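What follows is a set of structures to go through.
There are two complexes below, and they share chain A, which is joined by chain B in the first and by chain C in the second.
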Partner chain A sequence: MNNKTREPLFHIAKRAALPWYRTWAIRGGALVLALIVCALITTLVTGENPLQVYVAIFKGSFGTSRKVWVLLQNVAMLLCVSLAVTPAFRMRCWNLGGEGQALIGGLAAAACMILLPGKLPNWAVIVCMTVSSILAGAVWAGIPALFKARWNTNETLFTLMMNYVATQLVAYYCVVWESPKGSGNIGIINPNTQIGWFPQIGSYKYLLNILIVAAVCVAMYIYLNFSKHGYEIAVVGESERTARYVGIKVDRVIIRTMLLSGAVCGLAGLLLVGSTNHTLTPTIVDGRGFTAVMVSWLAKFNPVWMILTSFLLVFLSRGAGEIATRFSLNQSFGDILTGVILFFIIGSEFFINYRIIFRRPAGKED
Partner chain B sequence: MFDFISFIPRAVVQGIPLLLGSTGETLTEKSGNLNLGIPGVMYVGAICGVIGSFFYEQSHPGDAFQPLVGILIPLCCCLIGSLLMGLLYCFLTVTLRANQNVTGLAITTFGVGFGNFFGGSLIKLSGSSLPSIILTPTSNAFRRSLPLSPALAGSWFGKLFLSYGFLAYIAVIIALTAAYVLSRTRTGLHLRAVGESPNTADAAGINVARYKYAATCLGSVIAGLGGLYYVMDYASGVWTNDAFGDRGWLAIALVIFTIWRPNVGVLASFLFGGLYILHMYIPSGMNLAIKEIYKMAPYVVTIIVLIITSMRNKREDQPPASLGLAYFREER
Partner chain C sequence: MKKIIALLLALVMVFALAACGEKPAENNAPAENNAPAEAPAEAPAEAPAEAPAENAVTVKAGFIFLHDENSTYDLNFINAAKEACEKLGVEYLLKTGIPEGQECYDAAAELVDEGCNFIFADSFGHEPFLIQAAKEFPEVQFCHATGTKAHTEGLANYHNGFASIYEGRFLGGVAAGLKLNQMIEDGTITADQAKVGYIGAFPYAEVKSGYTSFFLGVRYACPSATMEVTFTNSWYDPTLEKEGATKLINNGCVLISEHADSMGAPTECESNNIPFVFYNGSAADACPNTFIVASRIDWAPYMEFAMTCVANGEAIPADWTGTIATGSVKLTEINEQAAAPGTAEKLAEVQAALEAGTLKVFDTANFTVNGETLTEYLADVDDMGDFQPETNVISDGFFHESEFRSAPYFDIDIDGITNIDA
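The block that comes next holds the complex of A and B.
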């Protein structure tokens, strides 16, 4: 070797695929590290024993049966939006508009609940709600997709902007349909007749949502892994040129996948309005459209792993909420902890995909 | 008659945080990093400034308050806070090659949470007896405009051009400087090369990682200043949780609207500021709902610009070609 060129201390090389238990060991390690850092932060802020903090987090999520149901319901809703954005992500089409698509779905559902009673029987109202909110979500995602397919308009920025258009549209209708007058929000829709409210299974208010989302999850897993469409999505995501070469109509796949993505988001909005809250506010989706991006990515776009990652994020935010209440801190404390944990998990992906090769000591050559 | 003399200064004041945010994001995007963490960075910049000046005001009440120190402390805190966020983003996306969208959204979650947490708990944590964070002396120092004769200050010229705090002028200077550096200097050329094709830039001997780090950190610092301007000047030193709202996303929208040109951003940000407050100036009578539709305007305008630029497909109007992609030398 030429003496003038100095070999750097280390260099980075791409790894071949690791066995699954090692990748999950790395992620688990990152999570443990993150939890230690979070405990340190919490101790610094509250001055409490970190173990007690974790007991509080656990109690915040599993303390009572009501809390468990709320936890499961939140996991289901987050999972639903995450499942929705996943097909687009597999295609490397960054749909950051889950928030807006779900909101529009919710708006369509609320519109049916407010305008249709008296004209149609209850079951027909529910059918109308379902159809219209799924359609509305699909249209909201279809607009950016159309421009992406035809003119290659940047979908990340387009869908992002569509979120705010949707928010303002909902804010507009919140004032139009306000009740009581002058309050600026809609309040519970049809509180007496309960028209358009989804039926309750037994005494479990949230069970229906959870079952629907579980069904969507299984369907999405099968669609992505075992159907021709799923295969086409994967090929377009890996290489658009290859897809074109083997005769896949890329434009068509983009539009179809985004429509599906929006439709499932619309379903999430429908569940939020029709089944959970029975009202509509501009913040009803509660940032899930953005959290879903992280859920989906953390699970490597695999619907089954997403159950785990969405559970993790909801568990943490509910637990952090409990800490905040217990130590009378601000509720935003949960966002800080979530952020720290995300940073660690995001960083850990590097060690799964790459390895660091250190310089060999001088004189040793192989 | 539409009152332009009172409308325009308010539009400008609304526009300055957007201008700083979008100038920072433009620099970042020119290096190929799509930093969706800008809203979070602006929150962090704002709250770090608030924390700095809060403790300074606590320790120097009344006459002991030095306006110059009162400006420098929050300014430094803000710069350090937003620099750290920029470094974190760079470390994750450039060194560890993580996905930029996910990292950016995580930064936003963290930053907004950080801002709201300390904004809401600062008083409790510091054990002071104040009811809320109101930093009037610091804000007065930030808002002080040029010492003008009353006649000039009252004229339309004074109101339109000379009525702002010093950060507003700095924002315009930063934007114009950034535009000059990007389009007229060798550094700017190298930076654009890194954003368009890091492979080519690397082959030409440009240190891709260093440029990405420098541009993204500088961009974060500038964006953080936007947050500081908002809380110290626009909001008169009063911190309210979530008051900053969606301005961070609007700053990202502005980057697209200006097709990655900070000098266009100066006027465009004032236009956006105007669109943002248009609903207060358009007489709508009793129809409150229609105001919500007017608030949609900046986003709709951005979407239209996004569509038009992609349809015209002119080469100089496109986003940097490698925007959003991590660079790894051994990959092709």
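The block that comes next holds the complex of A and C.
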């Protein structure tokens, strides 16, 4: 029994590529395990019946047609920011500034809505909002990109810090445009004239947003997979030197891609201000710039899979809100469950790439 | 092999635990549809007794909060909502963490879908989105705390509520003034050094009304007092509030009060041994040596009143202002360790005078602006986004705060108060 060269109980080895049904079996298994662990936590900590909690989570997104619309709207907005950061990520350029880029786009849109009425007709205000938001987002991403391309600064830190600058700028303008005086709150912009409000399609408040983001999603998929630009992004992401060797101007690709990234973030800010909220607050993007990082990674930077991953995250967060209301639990409890589920989903990728080999039962083992 | 068996055994045990755990929970199953676990038992018992009117309606209440119970501001509302609903035996749903945007409208609409016929929101920025919902659901009553627009919006189902918290702050100021007197008598400070500091959130009428009434209370007890004010431009920012306290203490303020929602300033006062008067709730546990007293709004009377109106099919007034007399303005226990001796007796006496109406907080005889006594003042009571003051609010020798609408509109800079940020 006491061999000197004891084989460990198990060891880890890299797997060859698995057929698709096995990878999905592993992912499905992870989800089932996650649900079991969540059920255990729920029962032990709160004494609620986990099945009822799951039903409540499901109802939080699909309980009524209104909830479905809210779900779709939230998925669309999260997807929009996620699509925005993806081209940069594919290039291995970590744009963590989605929050600030969307916020600054929203600020530009709000500025047009507040300053332009009376000077321009409604359609022209909307055109100005669109152009200025997209430009503002692009500039906000372009500054760190320029520094990276020219002086090889770290884009992760730079884009992250630009978020705080954007938040403070918005907080400042909330005081400038406040109503009533001293409140630091803008309130709904142009509530009576509705100037700068995006049109509503029929009786569906959020349909326009959803359609716009769906179009962006398709366009981004085509751009990344079937265009020359998309190919260049992929090459730069794989190896900058290879890209240089084959004659790709790396600096230009970095700046161009980051501008695109920022522009789509700016579009997200435009939709949040012009189409959804009609107001501006420093928290209007609501952390989507950071959640987008996870959406994009989980989907392996594939725009179509991102529909699924952003749906999953919104579904879980809406469910968290629902169980907070339904069981008088704190919203944080829902977030704990979300964390457990994400942990298992991310962990399952490990088992797709690696396998665990257990010690073979040797002949003399009892 | 043993290890694998051990692992399996552990798993089996865990599942067994889960199976046992689920059984008692199943007993709760019928309650699940009634949403909050606390409500169901009382609901059938008390509802009939509560609604004697002929056109009685069963109330189902929905509440919308900006944050959850970790914010002192929202906790104050959450406690009031539970208290009011349990007292009336009303079924209720709470939605926490609702931002001041379209989410507020969505939350209100979802509550309507759930069958709520009374909806309450607690944050100033919720107002326009709640109005949007009120227009869409005319059969549902909407109440909003701290809002300004109900009396001009003209909707039969949208209402604002507030409380005459300036009375509570005045009482807090009296307690602070007594403390200053004690320090002067001790010889700790001279009468000219009786300077208090105040940390405000925004230079908004609600905050200005608050610190002015506090200051008038201080001077009621200690006539030589002056005050310095600094703003954080945020409702909740522990760091800025702490820095504000440091700044005021360095400027020579010997007592601090505040209108912001964190514990930043109190902890700074405790470590510098500077007495302070707090807001929203007691800080006696965290700051036993320096916390004197705190005032707060109790929202339960307003919620009870509004829900009773809904139950009886009566109209809720566009504006409702609770007072000390209705139990809407409350003081916490006085911390004897920090307060001056005799504070409780003096406060009881002043409170009785306020309730009787013989003492007015904003008596024009007690304050001046640029050395002159005001005889009239136009305030922007009708908040139409035009910033145009239109209503004279001074008559009979005092400023009529929270009479023309529930939310405060006292925004005058009076003599004796210095804004150190200006």
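Criterion: the second predicted complex is superposed on the first by the 338 of 366 C-alpha atoms of A that agree within 3 Å, B and C clash if a C-alpha of one lies under 4 Å from a C-alpha of the other, contacts with A are read in each partner's own complex, and residues count from 1 in each chain.
Going forward, a contact is a pair of C-beta atoms (placed from the backbone, for glycine too) under 8 Å apart; a residue touches a chain by one contact, two chains touch by 3 or more.
Just so it is clear, the model here is predicted, and its values are computed rather than measured.
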Inquiry  = A:Val175 in the overlay: touching chain B, chain C, both, or neither? Say first, second, both or neither.
reply    = both
Request  = Quick one: classify A:Lys14 as touching chain B (first), chain C (second), both or neither.
outcome  = first
Task = Answer with first, second, both or neither: which of chain B and chain C does A:Asp286 touch in the superposed model?
result = second
Task = Check whether A:Gly247 is in contact with chain B, with chain C, with both or with neither, and answer first, second, both or neither.
result = neither
Message = A:Asn185 in the overlay: touching chain B, chain C, both, or neither? Say first, second, both or neither.
response = second
Task = May I ask you to decide whether A:Leu40 touches chain B, chain C, both, or neither, giving the answer as first, second, both or neither?
result = second
Request  = Please work out whether A:Asn277 is in contact with chain B alone, chain C alone, both, or neither, and reply first, second, both or neither.
outcome  = second
Message = Under the stated touch criterion, which partner chain does A:Ser328 make contact with: chain B (first), chain C (second), both, or neither?
response = both
Ask   = Which chain A residues come up in both lists, the one for chain B and the one for chain C?
value = 171, 175, 184, 328, 330, 332
Request  = Please give the residue numbers of chain B that touch chain A in the complex, ascending.
outcome  = 34, 36, 88, 91-92, 95-99, 101-103, 105-117, 119-121, 124-125, 241, 246, 249, 252-253, 256, 288-290, 292-293, 295-296, 299-300, 302-303, 306-307, 310-311, 313, 319, 324, 328, 330-331
Task = Would you pull the chain A residues touching chain C in the complex into a rising list?
result = 9, 36, 39-40, 43-44, 47-50, 52, 63-64, 66-67, 70, 171, 175, 179-185, 187-188, 191, 276-279, 281, 283-284, 286, 321, 324-328, 330-332, 358, 361, 365
Key: chain A-touching residues of chain C, taken from the complex the two chains share   = 1, 3-4, 14, 17-18, 21-22, 24-26, 28-29, 32, 35-38, 68-69, 93-97, 99-102, 106, 109-110, 113, 124-125, 127-129, 132, 148, 202-205, 207-208, 233-234, 380, 383, 385, 387, 411
Key: Parts of chain A lying in touch with chain B, wherever the complex brings them together   = 12-14, 45, 94, 96, 147, 151-154, 156-158, 160-162, 164-165, 168-169, 171-176, 184, 290-291, 293-294, 297, 328-330, 332-336, 338-340, 342-343, 346-347, 349-350, 353-354
